[in-house]
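Look for subunit A in each of the two complexes below; its partner is subunit B in the first and subunit C in the second.
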Partner chain A sequence: MSRLKRIYDWFELRLQLEGPVGEVVLHKVPRDTASWWYVFGSAAFTLLMLQIVTGILLALVYVPSGAQAWNSLNILNHQIPLGWYLRALHGWGSDFMVAVVFIHMAQVFLFGAYKYPRELTWTVGVFLLLATLGMAFTGQVLRFDQDAYWGLGIGVFIMSRVPWIGGGLVHLLLGGPVIAGATLSRFFTLHVFVIPGTLLLLALVHVWMVIKLGINEWPMPGRLVRRSTYIADYNKLAHEDGIPFVPGAFWKDLIFSGAVVAAVAVCAAVFGPYGPGGQPDPSIIQTVPKPDFPFLWIYAVLSYLPPSMETPFILVAPILMIAGLLAVPFVAGEGEKSWHRRPVAILALASVAVAWAVFTNLATFTPWSPHMNAWSGDTLPVRYLEEATPLVRQGAVIFQAKQCRNCHSVGGHGGQRGPALDDVATRMTVDQLRFKVVSGGGNMPAYGKNLSPPEIEALVSFLETLHPKGQSPAIDAAQQAVENAAASPPGSQGGTP
Partner chain B sequence: MRLGVLYGIVLGLALLTAGCNAMPGDPRSGPPIPPDQVTDFHILYNRNCQACHGANGRNGPAIDLANPEYEALIDDTTLRRIVANGMPGTEMPAWAQSAGGMLTDAQVNALVAGMRREWARPNAFAGGTPPPYAQNQTGDAKRGQQTYQARCASCHHTPAHQQVTSPVYLSLVSDQMLRTLIIAGRPDIRQPDWRHDTPNGGAGQPLSAQDVTDIVAYLHALRNPDEVSAAPLSNAPRR
Partner chain C sequence: MSQSDSPNPPSAGTEIKPAGEHTSDQDNPAVVSRRWLLLKAGIALNGLVGVALAVPIFRYLLGPVRRDSYYNSWVSLGAADNFPIGETRLVSYRNPFTRSWDGQTDDIACYVRREGSAQFRVFAINCAHLGCPVRWFPQSQLFMCPCHGGVYYADGSRASGPPERGLFTYTYKIVGGELQIDAGQMPTLSNTAKLVQIATPGKDGDSSCRG
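Moving on to the complex of A and B:
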């Protein structure tokens, strides 16, 4: 004891940490805040630590050069013992971190915790969110595989649409006009120095404010926030019915953070690392790249937007979203904190959450880009051609060859940009089909100039056969009347569909 | 007591690490092969051909490559040339990089070798001698029309505008494909081969090489109907 104590005292005399640390550890917080709802912020911080540790270890092996990055990841995956696990931890850690940061933000919003005097905490938090997303994006680029390559390509394409300075921005980001070796150096610098430095600094400021301003009290309907009285009210609450931060509230943080790290470890063990997928090579277009999970929704939104809306959406939406987030505490800095009395806020949060979930879901289940291999790789269900005439079968060849399936699915395979065509004949008459193919409309390109008249005829006669057995195709009523009138003895009609 | 728990955790972690190489997430399969290095026949076929030629070479919209008679009819050089360069004027694309396609020579060879390995059968013609794959005579469209009426029209009559004799249909396919089809047949869609055996196995009357050439000449002429003096009879639907 005495030996240890003496060493401790030697350091304490010089560092003098006991006072401030004790103050932080023992400061009183309202009793209600020792809640399982208040654990997400600390979990995000823990994940940040995990990312830093695993990131440093990865940086020991990773080579940030266009020629070798991909190889060095494969060495990690296959040659270094547990190298793959390290990659998996870092990758899953990143997904969890993004998710936890979003949940934390939603919870803070729900509990009105951004209100006076915690506006700046929220503002810093918004930048923490942006930095976290920035880490996720730059990290995906460092993987430098097909997905990374195309993900970045689309990011760059978005930037290039900025009026006037678009080209300059792209040049700055890529270190040249195209994705090349210099690009990787830039993203490495961003991912390893610039963004994490900012992130860590902001996170410390964020935590500092949380400690200094106290943990947000549990919202009670009718307990309003007023600038003039809030701080006094809060201090009274914390002192009259408070508990020391450690261990009172802290043990829940510890347990939850531990659980989150364990979840990362399990996911990493079970699902393994992300990629690296195919080698990044712009000449390989036989690929279905998909961005990492935090960005999936963007691609889903983009693929559902009509082309004319793309540029405005791409340029304006992010600015509006960030501005909206930053404005929250300044628009609603006082008043009710309880969700029971904030219908607009709750509705807004719910709509954002639902929209996000829907788009992410769409993007995970549907190819967000045209399905590039469909024309040569996806078969047609055999029964669709069972009764085909020579022309219909040839129409099916045209259907495949002209890549209709990049956007349309048949038999459950193919793109999702246009409607599935399995029963298109029940919806459209022959003339409508022909018109649609020739003139396009909606999101559908006009093929009139790209197909010869015989090709169009063959294609339409194939489409005309696409209807479930026993359900008759759509028929032009007027035409049918004429045919019926001209029909020879009833029953002689029919023939091959 | 506390220490015990700690040791337990450390031991557990150590065991976990030791067992890590058996964890499901371990990417054992090795890095993905770049698309231009794939030489596995099934992967190549499934990625590039099956949409038109059908899963396993049959039941697709385009000709069934899995027909043993077809495999026996066409020689390696021709097959290779067609896969590499496509069938100009039709939807059969050129696949070799030298012809603007996506596949390397090694991959084209792998496809040809794979088709032979998977689908060729010894003695596919059961002793018969089919007309040659490539046309080596000149055809007579007039005679072809008669042969067509006699030998094909019974199965191919309605609806006339979607049938073999429809100029629209004919403008989309090559003469070679018609010839191939008449000789080797297409078992997957019940098109008989040149022997014209009846569906229940009864011996038919085989088409001669001249017959085949004539029919193709007739169908060729139909692409431009004015060239056939007599109106194509088969265009009148037989009901």
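Moving on to the complex of A and C:
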């Protein structure tokens, strides 16, 4: 007996792992499930491991103190050798993990893998998704820069809308009356102990069930799931036409996981770490806070809600969304698995994906946010001021100086909160322009109290010139008719005033 | 998965099997035996200790949940004469409730608008929508929020955008020529909105930051 074998036997006698491990490794899976479509779950688990390792390494340096956290991140970025790379690995690993978890969920949904008897695997998976998002949010807080500070503020304002106990919840969330050191400490606890512990435990339960119940078979149109026959059918499929999990299916998992970690490593090296942004000093208000990528869609949704919908939506929608996800296997626990015969499922997934993509895309350029520096920074195209009268020029100055530009673009520059004004004169008559400026309406503030009558006159004169060459400004047909009637001899027909 | 179910016993062939069957009536759960009774006593004891420990643990966890009066106190914003009548100024103060490791997070900004010799309005920096810092534009006499585009007039009332109400205001007093505000908490809908009607009846957009 070789020395190695003797050492192996010494450990095996004490650990007795050969039986259970052999069972896991060699358990039969249906031949078709050894597919490239079935690699996302293992990749998510690999990324979780990467996050744990890089997280522990970052904790060697990071200081979870309100006064020092931001400094310690800058020291990681600039002074600790390759500290920037570890931060980048952890940050990109986080983005990849969120993405892979969502892709995994979409694939499981598409393949009907949540149906009997894997309902609980899905339920645990929903909580794994929530835990992953929880890690992403608490991780953003640990960056403890301006985005983290004001992102917490948004969390506070959402919490504060809960009836009766909102105030108490805010104190609990913050660990005190304001966002401060105590807040960072508790988010550190959540990010480093509470959520990862839960995540790891749930992930092990999730994997345990995948092994015990077998990997979902490839969906075939017409092969229906029935509680009475499914387990027998699956065992037949796995044992008569199955292959051992290792190596037949596992090699694809290994290669994909390796590729994903390599992608994280390359992204981290090429793009580097994210932040930290400005220092967490709330008296510096020259900031445009924005959440991290996984939460951009929420940021967009919150900007489009009408005021009356804010509180009900913010409080009810998350509960409905989570309840909806949890309900999936209990509403559709049997029947067809193939996407060829599940049009509603396909439509639902496609709608969610399109909505998510649209909102996320919108949040990358935030058309609803005023451009805070547009009034002082953006230039006016010269062609708008050629042959302009002094009054029109005065109006152009007022247009800039009164921050109109923060919400309205001209010549492609400026805010997008309101409509672009390059051809506003073709849409509105002088009177309509004046009325809109003075009394506002819709999403526009009323400027009546903030502009003097001469200023309004100059501004409207400038706006009146904003129309494409060869296209005349809008006119009030009725007013013209009245003027014509006044000019023409009495008795002729004209408009009424 | 118990060892006895294992299909491949270890090659060493010396597996130590734990006793798998009831060895006596005393291990039968249906029989009220001394050992079952003691097991139940053990569970009961642990349950009791657990409950006894849960009380202080929850009290500790709920530690930050305090009455507003615990956190709030009067903070000076400097001499009232520093604020010209008719203008809105950005000032910051040190939050009265601090920990030594808070760093700069306790430097809270607010806007002071002086409307008369003794009339002030002190606005919280936080947009009433989701708390982002609003910016004052004296030229157009508007507050604008960079996050979701909430806009407020000079008096703090809502002009446009997603907020449901005007800016939060602090209660203030003038003591010995000094402007003082009742501050200490991040103003939110839960600790200020409930006082809207009481503080200034019928006036939207004006309430106290004091809960």
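Some notes on this structure:
Rule of thumb we're sticking to: the second predicted complex is superposed on the first by the 471 of 497 C-alpha atoms of A that agree within 3 Å, B and C clash if a C-alpha of one lies under 4 Å from a C-alpha of the other, contacts with A are read in each partner's own complex, and residues count from 1 in each chain.
In the analysis below, a contact is a pair of C-beta atoms (placed from the backbone, for glycine too) under 8 Å apart; a residue touches a chain by one contact, two chains touch by 3 or more.
Just so it is clear, the structure is predicted and the values come from calculations on it, not from any experiment.
In the superposition on chain A, A:Ser65 contacts subunit C only, with no contact to subunit B.
By the document's definition of touching, neither partner reaches A:Ser228: not subunit B, not subunit C.
Looking at the shared chain after the overlay, A:Leu305 reaches subunit C, while subunit B stays out of its contact range.
In the superposition on chain A, A:Ser2 makes contact with neither subunit B nor subunit C. Look at A:Ala401: by the touch rule set out above, it reaches both subunit B and subunit C.
Which of subunit B and subunit C touches more residues of subunit A: that partner is C. Shared interface residues of subunit A, touching subunit B in one complex and subunit C in the other, are 279, 281, 286-287, 375, 401.
Residue ranges on subunit C touching subunit A, taken from their complex, read 1, 3, 6-12, 14-15, 61-62, 64-66, 68, 71-72, 90, 92, 95, 97-99, 101-109, 125-126, 129-135, 137, 139-142, 144-149, 151, 153-154, 159-164, 184-186, 188-191, 211.
By the touch rule above, subunit A contacts subunit B in their complex via residues 74, 77-78, 81-82, 84-85, 88, 268-273, 276-279, 281, 284, 286-287, 373-380, 382, 385, 388-394, 396-401, 405, 452-455, 457-458, 461, 492, 495-496. Against subunit A, the residues of subunit B that register as touching in their complex are 17, 20-21, 23-27, 30-32, 34-36, 46-52, 54-55, 59-62, 91, 93, 102, 156, 158-159, 161-164, 166-169, 171-173, 189, 237, 239. Note for the complex: subunit A touches subunit C at residues 9, 12-13, 16, 18-20, 22-23, 65-68, 70, 149-150, 153-154, 156-162, 166-172, 174-183, 279-283, 285-289, 299, 302-303, 305-308, 310-311, 368-370, 372, 375, 401-404, 406-407, 417, 440, 442-447, 449-450.
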